[in-house]
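Lettered A, B, C and D in written order, each chain numbered from 1.
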Amino acid sequence: MNSFMSIVQIALAAVLIQNFVLARFLGLCPFFGVSKKLSSATGMGMAVVFVMTIASMFTWVVERYILVPFDIRYLEIIVFILIIASLVQLLELIMRKFTPSLYESLGIYLPLISTNCALFAVVIINTGTNQFTGRPFTFIESTINGTASGIGFLIALVLMAGIREKLELADVPKTLDGLPIAFISAGLMALAFLGFSGLSFFAASGGQ
Amino acid sequence: MLKEEVKRGVITENPILILALGLCPSLAVSTSVTNGLGMGLATMFVLVCSNIIISIIKGWVPDKVRIPCFIMVSAAFVSILHLFIKAYMPLLDQRLGIFIPLITVNCIILGRAEAFASKNSLSRSFTDGIVMGLGFTVSLLILSAIREFLGSNKLFDLMVIPKFQPLTAFALAPGGFFTIAFVMGVVSFLRSRKEARA
Amino acid sequence: MGEIIKLTAALVVISMVIGLAVAVTNNKTKDRIKEQQLHIQQSAVEAVFPSGVAISEHEGDGGLPYKYWSASDNGELIGYAFKITGQGYAGDILFMISADTAGKILGMTVLEHNETPGLGSRVTEVASNKYIWYPVGSSEKVKPWFTEQFEGLSCFKPIGIDKSGEWHKFDAQRRAQLQSRNTVTAITGSTITTAAFTKSIERKAAVYVASLKEKYLEK
Amino acid sequence: MEILIPILVLGLVGLFFGLGLGIASKKLHVFVDPKISRIQETLPGANCGACGFPGCGGFAKAAAEGKAAANACTPGGEKIAHAVADIMGVSASVSDPLMAVVHCKGGQKEALERSIYDGIKDCHAAILIGNGSKVCLDGCLGLGSCVKACLFDALSVNENDVAVVNPEKCSGCGKCVTACPRNIISIIPQVHKIFLACSNHDKGAKIKKYCSVGCTACTLCIKATPSGTITIEKNLPVLDYSKDENFITANAKCPSKCFVDLVKARPRANIDTKCVGCGECVKLCPIAGTIKGEQDKRHVIDKDKCIGCGICLNACSKRAIALWGGLGYESVENNSRLRNT
């Protein structure tokens, strides 16, 4: 029961409380780049969820069975970067071969994701300690965290795309047109997401 | 020649405000000026070194593995910097904790590496590294000065106005977005005025 | 086929060269980092105990806590110090706390936290009166007010949280009244962070002190 | 030893991924026709869909498989049509370059407004609220939906609140035609410089009440041009651009000035000494009184009245008349009749 609760709490935290884009400022470059159109935003969001899940699994295994036993945790940054970049390229090839239709819709975003700070950050967080149980992430927990962070990114991206499409029609002052107004709407969304900060199910923090 | 390059890096092609690169760390770290300065200089160091190495090995790396190699070069410099800061500057490490590894994926470094260093000679990429790093640091300082003053009524961790009750929202996430939106608005206003006059 | 070899060779060579560079730097800085960490730990312990006291380090033999420090003033035991982690708003908060055998808290200092800047991070805020145009300010070492308010409270009794204002703004009489009720003031806007301290002290510190007291009595 | 482990570990990981990528790129290689990417590079990449395929990628694939004509990319025009043709090794017949035109010129000064619209700056939105703020229900609302749709920044709303096309930038892709809720934008060959700037279907002089440049379907332009080049449909003249007619006479004869002439200043006809005064040109000249002179004497053309339609050129057996001057004047050799558009 206990591990199930922590999984739900992790998912909740990654999607709402510490949303990747709106609370932790991660993944902003693609976030503002792709959120112009709803279709490209959903495509990018899906691709990010997909890649984050696989990357979390992969890096957790490497961390647990290679980095820790050899006590070379300081190499973490390099090994993870290598894994993520090559993984994205590998995924692109695999998708192009086996799922061309999926590749058509997500393919163009894959190279964009390989340099995405959110992806790298979720991997680093997975190696840290799970704030709800105090122990390091287990395999399931780190995968769920990857997926949930991806979903958080997707939600923020889709919301943002919806807003920006409406913004096209509003008469925005000339100097604020383009990126500044996008930042302001992101700021307002971050303010809204701040409301989730006190949220925590089951026991209050530190209950265990 | 250098003055013109610096002007390009800081004003016309400022990485954060104009090219909108490297937004993640600039918003996350700009809660205090000392953080901003530390982050700016660290990024500059990594940017310059990785630009140099990439412009050296650019001809030699096969195209298929170009992205992994370039990112790994910058990751290496970040780890070296991370160890260096942990060893000799523990205070800075305590403040910039999670953000130092994020420098590797900072869009500026890979952006400049891909766009510039992999196409130009060593000396040009070196100057570009310095100039872009400078632009990044300057805009980071502006952002963090505004946010620190408004968010926690401090500059360089010293109180500024006695009775002023700080709006803590500015130190939090929304404040970051609003500050950068405001600064970008001012920059585009100045640019359109300059174009109108020119 | 040749292309694959070229591809792999490039990747392998680069990762090896980088591995070498980082390993060398790690070697050079490894002991330096250890030294730093020790230094931080040492200064934390000294900050928790009154100055001029003989501090000795003990390995907890299997029981709780697995590492603790005891301080004695010319032979007579004053109290114990140990690290505790509380779960704050944005993750773990590691802090060092010292208490005498009766459970009265002698001193406390925060070691690590990543609370939100401007809110939770004010646990280490020093109520300085230094202003930017008058940076000199008072030179004597000012302790962060949030941890200072715990001194004198007992870790065996539950610690209340008072939200009426901040401790460093209260006068001596209000502070004494709070101490008698074994309550501390919360940082405005971050009750979760304050609760992290009070809860972990009530649960963990009390148990540690109790188990250490028995060990002391056996000796 | 301390240093060896990291090097080995990194080397192994690098090896694993190097091999992985190498083998994957070999084994999983999906045959992609190289021609597709080469064609893709030449295309403008605007994904406007004017070629009828889903974006430039779709067109490149179709062109590489020979399913699409090399010159189907209208925005690309000649340059791209030739480039695609070279890649595909086929000859590309260059279709006439096209251009969009807005069939309305009744702005603030000319057209009456029946309400003040202060809502979202978009024609679709304005139409939802009482079908726009203009009395004329077919006129241009000047709120710029077409401007936003244009990928080549060729459309703009002038200070008179009417959408105007910039012929140099317009590639004829047709995005604006679908974007305009009133469907008053059409695509015509760029060779033609004159088009009717009104799309009002009201009967007769009713339009005069609310638009000073509205077309009353008085059919004078039809009389002034060869038969069949202009036809009336639902009280509105429709110009047939496939016919070999420059419509200069129609523009001159129109009483309420509904036509727009993109040529800033038309060339004027001039009679030189070879003229024997036979008077043939006087009979054909559509504007009475422009050519004067007695029988068998050298005739003179009144520069202000002459509209530069070039009808008298062919009428003169002695080749004594030529066209002079003119700004933005394009002479197109092979199209004789349109020479003086």
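Following the convention adopted for this analysis, a residue touches a chain if its C-beta (ideal position, glycine included) is under 8 Å from a C-beta of that chain, and two chains touch if they have at least 3 such contacts.
What you see is a predicted model; the values in this text were computed from it and never measured.
The chain with its Cα centre farthest from the Cα centre of chain B is D.
Computed from the mean C-alpha positions, the centre of chain C lies at a distance of 74 Å from the centre of chain D. Mean C-alpha position of chain B lies 32 Å from that of chain C.
Rounded to a whole number, the gap between the C-alpha centres of chain B and chain D is 47 angstrom. Taking the mean of the C-alpha atoms as each chain's centre, chain A and chain B sit 22 Å apart. Shown for chain C are the residues in touch with two or more other chains, namely 3, 7, 10-11, 14-15, 18-19, 22-23, 26. Those residues of chain B in touch with two or more other chains are numbered 64-65, 68, 72, 75-76, 79, 83, 98, 172.
Each of the following residues of chain A touches two or more other chains: 72, 74-75, 78, 82, 86, 89.
Contacts between chains leave no pair untouched here, as each chain touches all the others.
Here chain A touches chain B in the complex through residues 22-29, 32-33, 74-78, 81-82, 85-86, 89, 111, 114-117, 119-121, 124, 174-181, 183-184, 186-188, 190-191, 193-194, going by the rule given at the top. Per the touch definition, chain C reaches chain B in the complex via residues 3, 6-7, 10-11, 14-15, 18, 21-22, 25-26, 29, 32-33, 36, 40, 112, 114, 116-119, 128-132, 135, 189.
The touching residues of chain D, when paired with chain C in their complex, are 2-3, 5-11, 13-15, 17-19, 21-23, 25-26.
The part of chain A that touches chain C in the complex is made up of residues 18, 72, 74-75, 78, 82, 86, 129, 131-132, 134, 197-198, 204-206.
Touching chain D in their complex are the following residues of chain C: 3-5, 7-16, 18-20, 22-24, 26-27.
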